[in-house]
Amino acid sequence: MTVPVLSVRDLKVEFVTRRATLRAIDGVSFDIAKGEVLGVVGESGAGKSVTGLAVIGLIDPPGRISGGEILLSGMRIDHLPAEEIRRVRGKRIGMIFQDPLTSLNPLYRIGDQIVETIRTHTNLSESAARKRAIDLLAEVGIPAPEKRVDGYPHEFSGGMRQRVVIALAICAEPELIIADEPTTALDVSVQAQIIALIKRLGRDHGTAVMLVTHDMGVIAETCDRVAVMYSGRIAEIGPVQDVVRNPLHPYAKGLMGAIPTLAGEDKRLVQIPGSMPRLSAIPPGCPFNPRCAFAFDRCRVERPEPLPNGAQAVACHLYDRAAEESAA
Amino acid sequence: MLAFTLRRALQAIGVMIAVGIISFSMFRFAGDPVNQIVSIDTSAAERASIRQSLGLDDPVLVQFGRYLVNAAQFKFGVSYQFRQPVSTLLMERMPATLELAICATVLAMVFGILMGVYSALRRDTLLAKLFQAVSLIGISLPTFLIGILLIYLFAVTLGWLPSFGRGEVVRLGWWTTGLLTVSGLKALIMPSITLGLFQMTLIMRLVRAEMLEVLRTDYIRFARARGLTTRAIHFGHALKNTLVPVITVAGLQFGSVIAFAIITETVFQWPGMGLMFVQAVQNVDIPIMAAYLLMVSLIFVTINLVVDILYTIVDPRLRATISRPA
Amino acid sequence: MSDAVVPDRTDSNAPSVRPDGGWFRRAFESDLFYSFRRSRLTMLAAAVTVLFFLLAIFASVLAVQNPFDPAQLQLMNSRISPLWTADGQSPFLLGTDEQGRDVFSAILYGLRISLTVGVLGVVLAGVLGITLGLIAGYVGGAVDSVIMRIADVQLTFPAILIALLVNGVAKSILGNRLDAMSTLVVLVIAIGLSFWVQYARTVRGSVMVEKNKDYVAAAQLIGLPAQKIMLRHVLPNTMGPILVIATINLALAIITEATLSFLGSGMPDTMPSLGTLIRIGNNYLFAGEWWIVAFPGLALAGLILSINLLGDWLRDALNPKLR
Amino acid sequence: MSVRHHLLAAISLAIVATTPVSAQTLRYANQGELKSLDPYTLKETTTIAHHGHVYEGLVARDKELKIVPALAESWETLSPTKWRFHLRKGVKFHNGDPFTADDVLFSAERVRAKGSNFLSNVPADAKFSKVDDYTVDVTLDSPNPILTSQWDGWYIMDKKWCEENNSIAPTPAAATTPSFASLHENGTGPFMIESHQPGVKTVFKANPNWWRKPEHNLKEIIFTPIGSDATRVAALLSGEVDVIEPVPIQDIQRVNSSGNASVMTGPEIRTIFLGMDMARDELLYSNIKGKNPFKDIRVREAFYKTIDVELIKNRVMRGLSTPSALMIAPQLYPLFKDFRRPKLDPDGAKKLLADAGYPDGFELTMDCPNDRYVNDAAICQAVVGMLARIGVKVNLLAQPKAQYFAKVLKPGGYQTSFFLLGWTPASSDSHNVLHDILGCRDDPKDSTRGEASLGGYCNKEVDALTDKVLVETDTAKRDQLIKQAYEIVIKDYGYIPLHQQGLAWGVSKKVKLTQRADNQVLLYWATKQED
C-alpha cells in the first residue's frame, strides 16, 4: 500500500476562550490517497472547515492543534515552524475558499496575484511565471486568458473568480487541494461547472482533494469517499456509494434523506429535528444523542468510537452492539 | 469618469455658493468695521460717509451680489486693516500656511502609518502599547496647550528652537519658502509637530484599525493559504488595502489641518492665513474673513475632488462603478 | 437562509458561542463586562470619568466658593499659590487666580460647564443625526441625497470651523444680548451642529442594510408595518456604534468647547469653563503662576483622556472583530 | 533644468541671507501692526510711532513730551491769531527732493482733505501761506494756544512725490484700492522703509542723509507684529527680538529675572475710567424700570466710593498703575496734584444706595473691552466683584474691541449703561478731555462736543468753561479755568476715573532706549551693543 497523500490521525483542535477550552475537532482521523476525492460533509459548526484549516496550518490563536498528527505524504506537518509550513502552503497543499468574491485581493490584477504565488514557490522568472499564469487561466477554463490576466477581480463574475482561485490553488502543482465549500457562494448553474473542474484537475494531475461541503448532491457526484462530521467528530466515513446508499449512522441517514432528487431543488437539511449542540455544550456520550431517534442509555454516557463496518466506518453504539453480539 | 468629475465639480460649485452665503451673512453682522478703520474720536459724520463709501448702507442683497461677483474674480476688496488688496495678502500668506500644513501632514502620515502598522502587526508588544498611549494623549491634549508647552520647553527654557515666525524665507517666484534656510527649517519644527500631532494619532489609529480589519479578510487568509511570505502579505497586500481609506482620510484631513492651523499659527505667530484670519476676526476685517472662508472652502472642495479622483485610481473597483453611467 | 445552511464560518476568533438574545444583550451580559474587568486601565478611566461627573454634579457642595458669583471673590485673595507651597493659604487647595477665584472651585464649576456643554452637545448631535439618518434611510430618494450631500459637505469641514461659524452667526444674531447662559446654549448648538453627521451615516447605513432584508419585503407583502419592525431592528443594532461615537464625540466636544473658549469665542471670564480657565491661566504661565493654568489643564486632559480610554474600550468591546 | 537653476539660486541666496548680520540690527515686536504707510490714514498710537521713524512734522515732542522744533526751526506768534514758522534749510526727503514751504502748504491741505483721519490735528480755520521758501504763516479765525500741540502726529509729505505718484489725496481708511502712498514712504526722518509686508515684517534702514546727528547706532530695524502675549514674551526671552511692547504686566517679573532682558515701566498718559449712562430715562440693561438710577447723584457717589482703585492697582495691575482723581494724566495738567479721590467707603455707599431707594441694590449690565487696555476685562471683573458687595448685581459683557466699540460709541447709539473706557487726549491737553468726554452731547452749535461722552454726562457750566479754555492764552489762568471745570465734574460724580495705566516695554539688556509717556516706541533714541 502506498503512503496516502494526507493522513490525519486523532486530530484535536481547541479554542481557548476565557471561559472554557472549546474542542472544535475531537479525535478526527482519515486518509486521502493520491488522486482521491474525499468529501467532508456536515452541518455548520461540525468542524469541517476547521479540519481543512488545521491541515494547511492556518489555525490562529486562540485556536490550536492540541493533539494528533497530520502527515503529508508521510511527512508530519502539524508542528512545523511557521516558515516551513508556509512553504508547504500553496506549494504542496492548495486551498480553495468558499467565497471567490472575497478571496482575491481587489486591488491587484489577477495575473499579478498568480505570478506572485508562482514566484513564491518556484524560481521562475517574471515572464515565465506570467506565461504560466496565462496557461493556468486557460486550464481552469477562462476564455481569452492573455487578456483577462490583466483584469482586476471585480471584472470577473463569481464563477470566473472561483476559477481564478482554483488556478491560484493549483499553480504550484500541489499534492493536495483543500476545497472549502467552493460552490456555496455561487449560482446553481455555475456550481456544477466548478465541481467538474475540481474533479477534472484532481484526476489530470493526480492530486488528492479534500472537498468540504454541506451539499450531499455534490458529494454524491464528485467524491470517491465521504466523511460525515458531527460536532467535531467523524460520525461515518466510507466509499461514497456505500455511505449514500446505505448510511449507517442515524445522523448520516438523516443527512442522506436530504439529497435532492433533482439538482437545484431544495437542499435543506430539514429532516433531523433539533440542531447541532454548541461547542460549549456538547452532551456527554454521543454528541448526537439528543437528536437521535435510536438513542439508548449507553449513548448518553459513553462516546462511540469509529469502528469499521464493511467498507465504511461508523461511530455509533448501535453498530458496536451488533458487533459485540456477533462476536459473542 | 468625465461625467463623474463634472458632477463632482458641480457639487463643488454648489458648496462654494452655500459657503459664500454663510460667510457673507455671518461677516456682514459680525461687528462694525468702521470702528476698526478710524480712531475713536472720529466724528459721526465722517463715520457715516465711510459707511457709505464701503457700501455698508446698501440693501443686503445688493451687497451679497456684489460680493459674489467680485469673489468669482478673486477680488476680495481691500483689507480694512492693511489697506492692501486681500488677494495680495492671501497670496503672501498662503505659502506659509500650505508649507506648514504640508509639513504637518507629511509628518503625521509618515509617523502615523509607521506607528499604526507596527501596532497592528505587533499588537501586544510594549512599544505598540506605548504608541497607543501616545496616540491617546495626542488626541486628549488640546492643540493650544501643546504649543504653549513646546514653546516654554524648547524656546524659552532650552533655547533650541525659535518661538515664533518662519525664520528666513527665500522667495521663489510668488512663493516664499522657509525650507531652504536653516532658520526656516528650525522654525518649522515646533509648529509642524503641534499641528501634526493630532493628525498623526488619528492616522495611526486609523491605520491600526484598518490593518487589523484587513488582516482578517478572506483574501489575506487566502494569501496565507497560498503560502505567500508574511512580508508580502503584510506589506504588499495588507498595507496597500489599508492605505486606500487612509489616503481618503488623510486627504480630507488636510482640510482640517489648514483649519486647525488657525490655532497653531496663533500660538506660534506663524505668518499664514490662519493667523491673518484670527487677527481679522479680532479687528472685524470683513474682506479678509470672507476671503479666508472662501479660500479654505475652495481648498477643501478641491481636495475632496482630488481625493475622489485619487481614490478611483488606487481602487480599481471604484473606477468601474464610476465609469459606468449612473 | 435558515440556520442549518449558514455557511460554516467557524474561524479562529468566533467559535459558535451564541447565547440567545440580541447581540448587544449578549455583549452586556458577558463580553463587555468581561473586557471591562480585564482592563485595569479601563476601570481606572471609568473611575476617573465617574469621579469627574460626580465632582461636577456636587460642585456646589465641594467648592469653597461659587466662582460665578462675583460677590464671593475677594481681590485681596488673588494669586495665592497652592496650599502645599510656602505661600499657600487655606482654604485655597489649588491656589487662586488674579480675581481671587479659588482654582479648585473654578475647576469644579468649570467641569460642570464643560460637561454640560459636551453632554448636551453630543445629545443634540445624536438626536439630530439619528433623526436625519432615519429619515434619509427610510424616505430615500431626493430627501436622502439632500441630507447625505449636506453630511458629505459638512464632514469635510472640521468641527472647530463649523463651531466657530455657528458661534459667529449666533453672536451676530444675538449681538449684545449674549450673556453667559445664552453663550452656553450657543455652544451646545454649535457642537450639536458640528457632530451630527457620524450618527446620521451610521443610522442610515443600518436602515439601508435592514431595508434589503427579506422580512421587510415579506412584511410589506402581508401588509404589516414594515417600518416599525425595521425600527425595532435598526435601533438596537446601531446602539453600540452610536454609543461609541457618542463617547468619542463627548471628548471631542469638550475639546472643541475648550478651543472655542481659548480663541475667545466660548464661555466668558465671568462664567469660565475649563477652556476659559486655561485661556486665562495661560497668561500667567511665564509669570510663574503656573497653578492657574496647570490644574485646569490637567483636569481637562485627564477628563478627555479618561473618556477617550472608555470610548476606545467600548469600541473594541462592542466590535468583537477588533478584539 | 530651470527648476534646478531656481533651486540653486535659492540655495545660494539662502546662504547669503543667513550670514551673520550687523550688530546694529534691532528687532522689535509690537502687539499692534503697522497698518498703512500713508501718514494721514490712521490715527493710532503704534502707527503714528512707526511713521515717526520715517516722517517728521514741523514740530516734535521730546523725550518728556515737550513740543520742540523739528522741520520748523523756530516759530513766533505775530498776533494771537497769526503764527509764523521758520523752516529748517537743507533738509531732503528720502528720494532727494528738498524740503520747502510748498511741501508744508501741500501737507496742510492734504491732512485736511477728505479721507484723512487727522482732520482735528490741523484746525479747519487755519490758513497757511508761504512767505518765502523757508517761511510759512498760519492765520486763524480765533486764538488757539494749543495749535502746535495739536500738530503732534501731523507729518510733512513731499508735494512733488505725491503729485508724481497720484497720491495727492490722502488714502482714506476705507480705500478700496491702495494708493501709492499707502505702500511706499518718502519722508525726511531718520529711517527709510526698505520692505513692508503688512502684518508680517517691516524693515527700516537708517537714513544716512538725515539732517540731524542720530542718537541711535542702528543700521536697521526689523519690525514684526506679534499679537500673542505669550509668544511675544517668549521671543524676547529667547533673544529673538530686542524690544517688545507691551509686556503683559504679569510677565514683568519673569522678564526682569531672565537676565537677558528687562522691562521699562512708566506711567502712560492714557486715563482709564468708568462711565455711567445718565442720559436715558430708563437704563437699557437693568431690572429697574421706569427710572434711571444713575440720574440720582447718590447712586453715582455710591458707585464711586465702592471702587477700590488701590486694590485694583495692587492686585490686577500689579502695582503698574497710578490711581487718578482726574480724567487726565498728571503729565498733561500741572494742577493735577490739587485733586484727591473721594475716600473709599463701601458702608457709606450702601447707605447712599438705600437713601436713593435701592436698599437691596439693583441689577445692570456693564460693557467692557477685553483686548484694548491693560488687563481691561480683569479690571471690569474686579469692579463687578466690588459692586456686588453693595448689592449691585452687574452682568459683565466683556467683548473684543471691535464689538465693544461698535456698541458703545455714537454710531452704535451709545448702547451702554455702565462701561469702562480709556482716553488719551489727542492734543495732550485738557481741552480735549473737557470737550470730547465731559461736554454735553447734542450741542446745537458744536456737533462734536461730547461725542465721546458715552454716558451723556452734561453740565452747561462745564461747557461754558471749556469754551473759555480754548481761547485763553494765559497759561496760569487757563489752568485755573480747567480746574474749575474738573471740580464741577467731580462734584457731580460724572465719571469714575480709575487710573493711568502703566507702560511696560520689554528691552534686551543690549539695548538702551528712552520711554515716552505716550507709549510711542521711538527707536531713533535706541542704541544697541555689539553682539
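By letter and in written order, the chains are A, B, C and D; residue numbering begins at 1 in each of them.
One rule holds in what follows: a residue touches a chain if its C-beta (ideal position, glycine included) is under 8 Å from a C-beta of that chain, and two chains touch if they have at least 3 such contacts.
Not measured: the values here are computed from a predicted model.
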- Which chain has its Cα centroid closest to the overall Cα centroid? B
- Message: Using the stated contact rule, I'd like to know whether B-D or C-D comes out ahead in C-beta pair count.
- Response: B-D
- Distance between the centres, which are taken as Cα means, of chain D and chain B, whole angstrom: 38
- In whole angstrom, how far does the Cα centroid of chain A sit from the Cα centroid of chain C? 49
- Would you mind pulling out the distance in Å between where the CA atoms of chain B average out and where those of chain C do? 24
- Please set out, as single numbers or ranges, the residues of chain C touching at least two other chains. 13, 171, 175, 282, 285-286
- Message: I need the residues of chain A touching at least two other chains; which ones are they?
- Response: none
- Set of chain B residues in contact with two or more other chains: 30-31, 148, 152, 156, 266, 278
- If you look only at chain A, which of its residues touch chain B in the complex? 56, 58, 82, 86-91, 94-95, 97, 99, 102-108, 116-117, 120-121, 152, 154-155, 165, 168-169, 172
- What residues on chain D touch chain C, complex-wise? 229-230, 233-234, 237, 248, 250-251, 253-254, 308, 311-312, 315-316, 370, 377-378, 381-382, 384-389, 394-398, 400, 403, 407, 415
- Item | Complex contact set, residues of chain B against chain C | 11, 15, 18, 22, 25-31, 136-137, 139-145, 148, 152, 156, 209, 212-213, 216, 252, 255-256, 259-260, 262-263, 266, 278, 281, 293, 296-297, 300-301, 303-304
- Message: Show me the residue ranges of chain D that touch chain B in the complex, using the header's touch definition.
- Response: 6-7, 10-11, 13-14, 17-18, 33, 35-36, 38, 41-44, 114, 117, 119-120, 171-178, 182-183, 197-201, 224, 226-228, 230-232, 234-235, 237-240, 371, 400-403, 405-406, 409-412, 426, 436, 447-448, 451-452
- Note on the structure: Residue positions on chain B within touch of chain D in the complex are 30-32, 34-51, 53-54, 77-85, 89, 92-93, 148, 151-152, 155-156, 159, 162-165, 168, 170, 172-173, 177, 180-183, 266-269, 271, 275-276, 278-279, 282-284
